[in-house]
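So, here's a batch of structures to check.
The following pair of complexes shares a single chain, chain A, combined with chain B in the former and chain C in the latter.
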Partner chain A sequence: MTDPVEERVRGPRLLGPPRNPRAREEGARGALIAVISTLVFLAIAVSVILTSEAWPAVQRQFFNPEKIAEAFPAIARGFWLDIRLFLLAEVLILIISLVIAMARSLRGPAFFPIRALAITFIDLIRGIPIILLILLLGFGVPALQLPGVPNSAIFWGLTALITSYSAYTAEVYRAGIDSVHESQRMSARSLGLTQIQALRYVIVPQAIRNVIPALLNGFVSLQKDVALVFVLGIREGVREADIFAARTFNYSGYVTATFLFLLVSVPVARFTDWYTDRDRRRKQAVSN
Partner chain B sequence: MRTSAWVKFLVLLVAFAMLAAACGDGEADGGTSGGESCDIADLNLVTPGVLTVATGDPAFPPWVGTADGDGFDDPTSKLGFEAGVVYAIAAELGFADADVAWVRTGFNEAIAPGPKTWDFNLQQYSITADREEIVDFSNPYYVTRQALVLYPDSPYVGATSTDDLKDAILGAAIGTTSLDFVENVIKPDTLPNVYDENVDLEAAMNAGQIDGLVVDLPAAYYITAVQVEGAIIAGQFEAAAAAPDEYGLLFADGNSLVACVNEALKEMKDSGKLQELEDTYLTQGGGIPIISG
Partner chain C sequence: MIAKLELRNVRKSFDDKLVLRDVDLSVGHHDVICLIGSSGSGKSTMLKAINLLVPIDEGEILLDGTDITAPGINPNQVRESMGIVFQAFNLFPHMKVLDNITLSPRKVHDVPREEAEERARDLLDRFGLGDKVDEYPDRLSGGEQQRVAVIRALATEPDLMLFDEVTSALDPELVAEVLNVIRGLKDQGMTMLIATHEMGFARDVADRVCFLDQGRILEQGPPKEIFSAPTEARTQQFLQRIIDAGRL
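Coming up: the complex of A and B.
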């Protein structure tokens, strides 16, 4: 076992599985092999693609630098909307789903109606394809023309995303709550904490820590799913790429959009790995 | 292993750069070669002896089927303007009606690279220079105008110039010249909302999310008659002289069939057949107020 103090000072690594001494010794040779095999693999892949008969047509329609640049301003504007929708939705989802998960985790017959409500919500919402939920809320509710109810497509698109993701995220939280040993709950109760206090101060803090990788996974997923609000006519990033493709018959705009999405989602994925690794390391340090 | 993971990442980056660098060459080849025979046996067809035509899924009146609902989504009924045009072209080329086969494609699907399963595709594709870099178009078979569809109680009823529509929130369908028209000619302060289908335009209008929608005139007739209850055609736009909205048959890039189909279209124009189909299926804009540019 490496010295936990040293590990903590140097911090965990950004890529790959945890280091061990043997790997460190073989590092140089391993890196060389990895470089060579990667180069060979890429050379084969690239040459197969570039020599294919249809490549000039594909290149003209997908990888046309002129069109990629031409599509950029509109797609970037739409993508910025995606980012704002995503951040706002994520914050609300994390709060709402935690409340639902806590409601579902209450024990005792008195809380049955609350539990039943939470379970019904989760079952129903998870059973509805997200795109249908967006269409139903986005076009359906405003068509009722209820006084005081907003009819903005963005409002309802966001509401649908939050509703759907809250149901899934509540289940993630619940898995976290269930993963905390029952003795924790009992000890808290025996100290005189109420059910809700026990959840709030004892169970949930431990539960959240256990499910952070899963929450971050949902984070990455939501970051792409916000694009689905396009069905309501909202011009977000993917939609702008669609519009460009339909107008010019050139798909290079999709490459622009892909690039923008990767720009955000890859760092989040790396962060998730880094965080998980650090967390495990800290736990190991504590148990040592 | 740490080093190697980083190296892999760098190598990937280099590969992407190589891909991008490869994107400099490769230009479109020339169009069709002229002077070829237009006998059925000599035509460039995906299935010899059969004219395979693609249209939308579903295909809407008045393009396929009539506004009364006859032959809805059934091009073999020969009803509807585009169905009529196809059978007239087939007759000019010497095909029997039974030798016309229909397939369905989405609007975008039709333009993906790769071999096609049809000889030509028609679903109100507007001819533009951008698109002609990717596919080939026939000569136009129809020239349309854009129209504004509103509810009668809309404040924009009575608009006489595109300036009156600056603060309107408009909707248009993706891939249409209607969308280009809104963005480039009307130029409203708010970008128009963009929908996949006319059906979604209707939903958005019902939900009060858009003030009105811009579609080509024949579609406006169908929408106000059938799809959006109570909506009216508030006006037709004076065609922007620089960009008449012309519909063409879409062919794979470089397909030699275009020349023969263009000849057939010319025959149909000269004989008045095309006009006759227009008069039958596409109500003209008489009595609808003009909105100037």
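Coming up: the complex of A and C.
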């Protein structure tokens, strides 16, 4: 049942039906009020902007329909590269960081070297600005001309992104692993499972559930940060927008790229919120 | 004849606190031993030490004559022949009842899935939980969860079972169903070490009762002796408090 106080504080539920008729009625009224007040607010904001003296210049430089149409194909093509880089990197990050987090969670003196290696990696990589890592690997390694090592800027730019994000994501996983009660580990060990089996079958599945919102947050972040490989000259979305701006002295290309990024990141952010909320409700339902 | 389990001068401290002081205990095959004593007397630590979940500082623990605390012993192998059940059930919440039970047989003992599941179903039927196969643990009552935990420990066919206050977290009306499971195991000849606050049960089921006080086994003997004519003053005090609370 929807709590009326919560309803007032948080506004109407945008997703999922309220669970009883009275709440539905209140929810409908709340939604109506929210829609009206939003429309009024938008109307005022838009009219203030459009009637201001600076608007024509702003529109010419940033929101120029002709320029947007001109810039769009190249930027969209570049943005598609961003998306592919993001998806590939995300999959690898989720796997690599989980391995690092598991290595860090092993106990006992025998595993000390593995643990130390994981901690060193996380500390070092988190201490390096991501842009520096991209420059270092993206320009540095190909310059060495090592035999048998890829020389492509995309490969090393992606490697830098994956390396940096894996260190952060490993810490997210670790928080999840630590959040599973010690008795679960003990009980798994008492059944004869090895440390690694206990992690794999008992601890990690529960840990992942606990950190899904934090992982989704990382998705949003990475989806934008892939654009950083533009410093290597890779013609992804931001690079294309930059080329357009340099050629035409018009910033509508930047706005086009901005719009494309928002198109992807806002839905993911909404989904994260929705998922977190649902997860919280479920936990409350169980504990009741 | 070699004892099933033997503790010799077992000593354990957490930081500066001594929780087991020179514990000696011999458990014969098919013996049922109840450990009684107030909270913090070392019952739980003793059971965890036997299961190698807590490393001991000094002494030896012999299982079928082999020192399982010696260097080079694989704790996972030791645990394969021993089952332990905890106060808080500790079922795996993300797995169905069936998967909780078959996890160790399948992954540790390499039993094929069908065989492990068939055995699990048999066990569940035998303990009256046949209809809970596909439930998740949080859908079961405390008593049902604890019975599943017992079955999970039995699924690897251990010949020694350790029970760590398995009814302490249960509502009073659910205690009996769990104790009856343990009684059933006694009838099958299972060797058991049971830490409990249920004195009536201990008197009923135990071949021997050990009273622990501040990490020491202060007194042990047949339940009749311990409960009707304890010799140690501390045992008398402890039992008197239990009687005053109406628990015996």
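Throughout what follows, the second predicted complex is superposed on the first by the 250 of 288 C-alpha atoms of A that agree within 3 Å, B and C clash if a C-alpha of one lies under 4 Å from a C-alpha of the other, contacts with A are read in each partner's own complex, and residues count from 1 in each chain.
By our rule, a residue touches a chain if its C-beta (ideal position, glycine included) is under 8 Å from a C-beta of that chain, and two chains touch if they have at least 3 such contacts.
Note that the coordinates shown come from a computational prediction; the quantities given were computed from them, not determined experimentally.
Trainee: Let's test your reading of the overlay: on chain A, do chain B and chain C clash or fit side by side?
Mentor: fit
Trainee: What is the contact status of A:R60 with respect to chain B (first) and chain C (second): first, second, both, or neither?
Mentor: first
Trainee: Which partner chains sit in contact with A:P150 here, chain B, chain C, both or neither? Use first/second/both/neither.
Mentor: neither
Trainee: Touching A:G192 in the superposition: chain B (first), chain C (second), both, neither?
Mentor: The answer is second: A:G192 touches chain C but not chain B.
Trainee: For A:S183, is the partner it touches chain B (first), chain C (second), both, or none of the two (neither)?
Mentor: Touch partner of A:S183: chain C, not chain B.
Trainee: Just chain B (first), just chain C (second), both, or neither: which does A:P205 touch?
Mentor: The answer is second: A:P205 touches chain C but not chain B.
Trainee: For the overlaid complexes, name the partner, chain B or chain C, with more touching residues on chain A.
Mentor: B
Trainee: Between chain B and chain C, what is the shortest CA distance in the superposition, whole Å?
Mentor: So the smallest C-alpha gap separating chain B from chain C comes to 30 Å.
Trainee: Going by the contact rule at the top, pick out the chain A residues touching chain B in the complex.
Mentor: Of all residues in chain A, those touching chain B are 13, 15-17, 19, 23, 27-28, 30-31, 33-35, 38-39, 42, 45-46, 50, 54-65, 135, 138-140, 142-143, 145, 151-153, 231-235, 239, 242-243, 245-251.
Trainee: Which residues of chain B touch chain A in their complex?
Mentor: 1-9, 11-12, 15, 18-20, 22-28, 107-108, 111-114, 128, 130-131, 133-135, 171, 174-175, 179-180, 191, 193-196, 200, 203-204, 206-210, 253
Trainee: What does chain A use to touch chain C in their complex?
Mentor: Touch residues, chain A against chain C: 183-184, 186-194, 197, 201-202, 205-206, 209, 286.
Trainee: Where on chain C is chain A touching in the complex?
Mentor: Checking each residue of chain C against chain A gives 48, 51, 53, 75-77, 79-80, 83-84, 86, 88, 90, 92-94, 103-104, 107-109, 138, 152-153, 156.
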